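Let me begin by presenting the structure, written as structure tokens, before commenting on it.
Note that the chains take the letters A, B, C and D in the order they are written out, and that residue 1 is the start of every chain.
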Amino acid sequence: MFQIRTDLAVETSEKRPDGKEVSGIRVEKKKRGEDVVITKVCIDTQKAAKTLGKPRGTYVSIEADQMMEEDSGYHREISEIFSEQLKTFLPKDYRNAKILVIGLGNREVTPDALGPKVIDHLFITRHLLEEFGKYLVELDQCCSISGIVPGVMAQTGMETVEILRGIVAETKPDLVIAVDALAARSIKRLNRTIQITDTGIIPGSGVGNYRNAITEEHLGIPVIAIGIPTVVDAATIIADFCMGLMEENKSEPEEMEASVRSLISPKLNTMYVTSKDIDEAVNRLSFTISEGLNMTFVPRV
Amino acid sequence: MFQIRTDLAVETSEKRPDGKEVSGIRVEKKKRGEDVVITKVCIDTQKAAKTLGKPRGTYVSIEADQMMEEDSGYHREISEIFSEQLKTFLPKDYRNAKILVIGLGNREVTPDALGPKVIDHLFITRHLLEEFGKYLVELDQCCSISGIVPGVMAQTGMETVEILRGIVAETKPDLVIAVDALAARSIKRLNRTIQITDTGIIPGSGVGNYRNAITEEHLGIPVIAIGIPTVVDAATIIADFCMGLMEENKSEPEEMEASVRSLISPKLNTMYVTSKDIDEAVNRLSFTISEGLNMTFVPRV
Amino acid sequence: MFQIRTDLAVETSEKRPDGKEVSGIRVEKKKRGEDVVITKVCIDTQKAAKTLGKPRGTYVSIEADQMMEEDSGYHREISEIFSEQLKTFLPKDYRNAKILVIGLGNREVTPDALGPKVIDHLFITRHLLEEFGKYLVELDQCCSISGIVPGVMAQTGMETVEILRGIVAETKPDLVIAVDALAARSIKRLNRTIQITDTGIIPGSGVGNYRNAITEEHLGIPVIAIGIPTVVDAATIIADFCMGLMEENKSEPEEMEASVRSLISPKLNTMYVTSKDIDEAVNRLSFTISEGLNMTFVPRV
Amino acid sequence: MFQIRTDLAVETSEKRPDGKEVSGIRVEKKKRGEDVVITKVCIDTQKAAKTLGKPRGTYVSIEADQMMEEDSGYHREISEIFSEQLKTFLPKDYRNAKILVIGLGNREVTPDALGPKVIDHLFITRHLLEEFGKYLVELDQCCSISGIVPGVMAQTGMETVEILRGIVAETKPDLVIAVDALAARSIKRLNRTIQITDTGIIPGSGVGNYRNAITEEHLGIPVIAIGIPTVVDAATIIADFCMGLMEENKSEPEEMEASVRSLISPKLNTMYVTSKDIDEAVNRLSFTISEGLNMTFVPRV
């Protein structure tokens, strides 16, 4: 009916319009302490991928209300859980890996600045290791970390994947970690959910061969994508509300669908919903992610 | 029914839920060229103010699609129309006036950065005139302009009006011009409407004696407020859509009202809708406003 | 001879051109651990103030190489020492005090952004206490903290002290803490010295009745100034080098003085020296100061 | 004696320590109006390159006091002269060229933010031309412009040339234009000189095969470098003053040299001199350059 947009696998798997179960998906939920819920969604078949509009692969989401708190103690805890979950996506010998971390998004737009701000706080070590080697005592346990904020197409005139393919070819990392702000379907997940996936980043419906996807297929090395939803698509939220209304009033779906469609203007597709304190949320969450990356890849510093 | 929020008088006067005319309001519309519509709304009586939820006073709005264009030529034209309309709010001898321009809003949140960015591009002259006097040849036609970006309460711990009252008492300007990002009711007015009003800035329903209003009553000198809508309240847009849906389907208002109310969560009240290119829009529009202020108050520089 | 400029009392007291001791000054030095040197300079008489070009009062400086390290552990240690020294300037019952913290300087100029960046990371509590009162459990031990970044005169057209006098009159704090980037005489003290003083901030030679001084005399309440040197005046560094050269070469002072004076152009007075990594230094040091203020005034949050 | 550092060919060619003329160099000076001086320096031989410490090639500098004025009219004039001089470096058919513009330097350090700020104001067209083609009426005369702000090694862990080599290989531009903040020898040239050169950018002494040079040799396509001096190296300014002092006092060069050398500490090499209003200067100058690039490559928009 409407294009319901969400970047979160946990939301896609949650609810099918027809209520039927989808085969080819496995969902595991577990709690950590009182507040943290970790959900693992595995999309195993191409058919399931098509049904859900998300590529095959593994998606872990960490949800916790305390991500919205100001207390830095809570954030340390989340950084640790995030680091632990991230490690389940890494190869065994990742301590010797060369990793390129990418901060996607537009630094000038507050809810989209998550990726760039994570790079700001990252311990960058590649140039030090290249110059001084592993003998550099304090860094002997650390990965080679490089980072880039490529900007968005309106700023560069280039597809992000073009920029990245060039840098990967030249600097030869073993692994890309791409950090990006995401769109959720529900405002209740905004600023309180971290998703880690091994599928990379595919725009749009997420299935098919997009020329601008940031994936292993396009970069030639594995891509782990990390994201936090900071916006909801405006058309999505309105369609969801209208559908809720229809259900409550037991209207004829077809009739209502037509009227909802007539109300949603194309302009709405260039709009998104975000929270009033998004500046503080993005500052805190970018720090939670960068701390988690630092404790994973550059311990003891 | 729902609290429909808009800071634009032109939207308030447009459409009454019951379809009746409101007495005590005068609305004049005129076109400039093909694209620019200038609307003057005068709210003359306290009763009309209460009905519309906006204080008594004069509101001029300038609407033009070309505000959304990148072309700087169009923006110059808008700056000139804005300057001309602004002058209708100024006393005759404003060339000798001391004016304090206030950039309201939070610089860290893209759609709320309009006010602070206007101050960035303003010709500030007060300190030059105080030091060198009017003899300073090139500035002999210019007003004394000072500017401040007070920040928002979460950053300062103080009401904005407290900060301003202190600065006004100390530096004794004749007039305050307050620039702020506004909320519209309809996304079609976002980033393409400038409102000028002599009422100052009153939060909330806009009627009553708010301790944090930035008005002549609280500052002791006239306050002209200039604003551009850059966001729509999330609850407002959803309520509007739902109501549209109800009208189309001729449902019983009471019944539907109850269901809509049940769907709109309190969390939605901390959310707003904005456009994806809001960074570019705010950069352009802040420049349009600051150019208009500069050509009004500091000509020939 | 030349106007040697330094904002650090520890540098003024260090070395007199004529080698004589100045009466009316007391200097106490103590070490903390291996690296930290704490120096307390008391200027007791008006005559000593005139000789040293610094107002009467107490100046504590904390010097440590580890302020230049990236390690956040070291910075926590410095924050604690800073907090402990700051407390020696506070009244006994400061836990009930209302404190206004001022971030002086120009956010757009990297070495001058220290003050504004400290405010960015401060726990602001005044508005919460005003609204919810001390019952708000987690804040029951905390001071009422407000903060402001007034901007510089080229941005506002107003003297900073005018803005502050207005805000102080309106919001009635008990104490002002003013944070500012300082000028040192020697590059060896840049980015590794914190000065705390009870004299407030007086521009220029520091003695006399300056209309733009930020002092108890002008604001009506005590002013504690906190600063870190991030620049050296260009004329100062050159004069110092030339004088060193002269001493080494046993030239006639008068003769050399004339030639040095002839070399130093007025343009040099608008120049300063800073370090290439000043962005990282200011980010780290602003955090060290804000953490120290937070642990002093808003403990346990 | 000391490493006198300057990125300006016009300063290198100006004055040889021994007063002798250097063969293999041609210098042409011409005036434009009353204020603008255009100097063309051609370094023709490898020997001259070695003597001057600058690679073989053509260097055009535009010097004008009005670059330091606030008046935007003056800046438009400079943008036009800059555009005209830039065209002398371009191939005849540049209107069909694909051009990658690079904003070098560190956005977080005010005098080093020139390059990044130029990219902010550039008309980026590559993505539009790739999507819509030349039929897009308003752009039919325009070049394909892409832009990137690669960041500095401490932020990315990668040599800038590695990043650029990758992007060039992937997006295949015909020409690179690299914009960077420069170091002058003399403060009198700061913020009032634009240099255009066909040599690219070579760090250090500028001669030899540096792995991190941004040159045609390393990128495989021509590199035009555009720069404005915003800093003077601290050791350079001090050595210059000391040498001036020595000359005035007719000291023995060898003796004085030794003493100067002993005074200049290694720490001084991490220091630079800049002006107090560098934020406004960089804002204005980045606009002058970006306007000049826009009028050259994307006319009529």
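To be clear about the criterion, contacts are C-beta pairs under 8 Å (C-beta built on N, C-alpha and C of every residue); 3 or more make two chains touch, one makes a residue touch a chain.
On a predicted model such as this, the values are computed, not experimentally measured, just so you know.
Where chain A touches chain D, the two copies mostly use the same residue numbers: shared numbers make up over half of all numbers in play. Taking CA atoms, the transformation carrying chain B onto chain D includes a rotation by 180°, reported to the nearest 5. For chain A, the chain whose average C-alpha position is most distant is C. Between chain A and chain C, the centres computed from C-alpha atoms are 43 Å apart. Averaged C-alpha coordinates give centres for chain B and chain C that are 39 Å from one another.
With touch defined as above, residues shared between interfaces to two or more other chains in chain A number as follows: 154. Against chain C, the residues of chain D that register as touching in their complex are 106, 108-110, 154, 187-188, 234, 237-238, 241-242, 244-245, 248-249, 251, 255-256, 259-260, 262-265, 267-268, 270-280.
Against chain C, the residues of chain B that register as touching in their complex are 119, 124-128, 144-151, 153-159, 162-163, 165-171.
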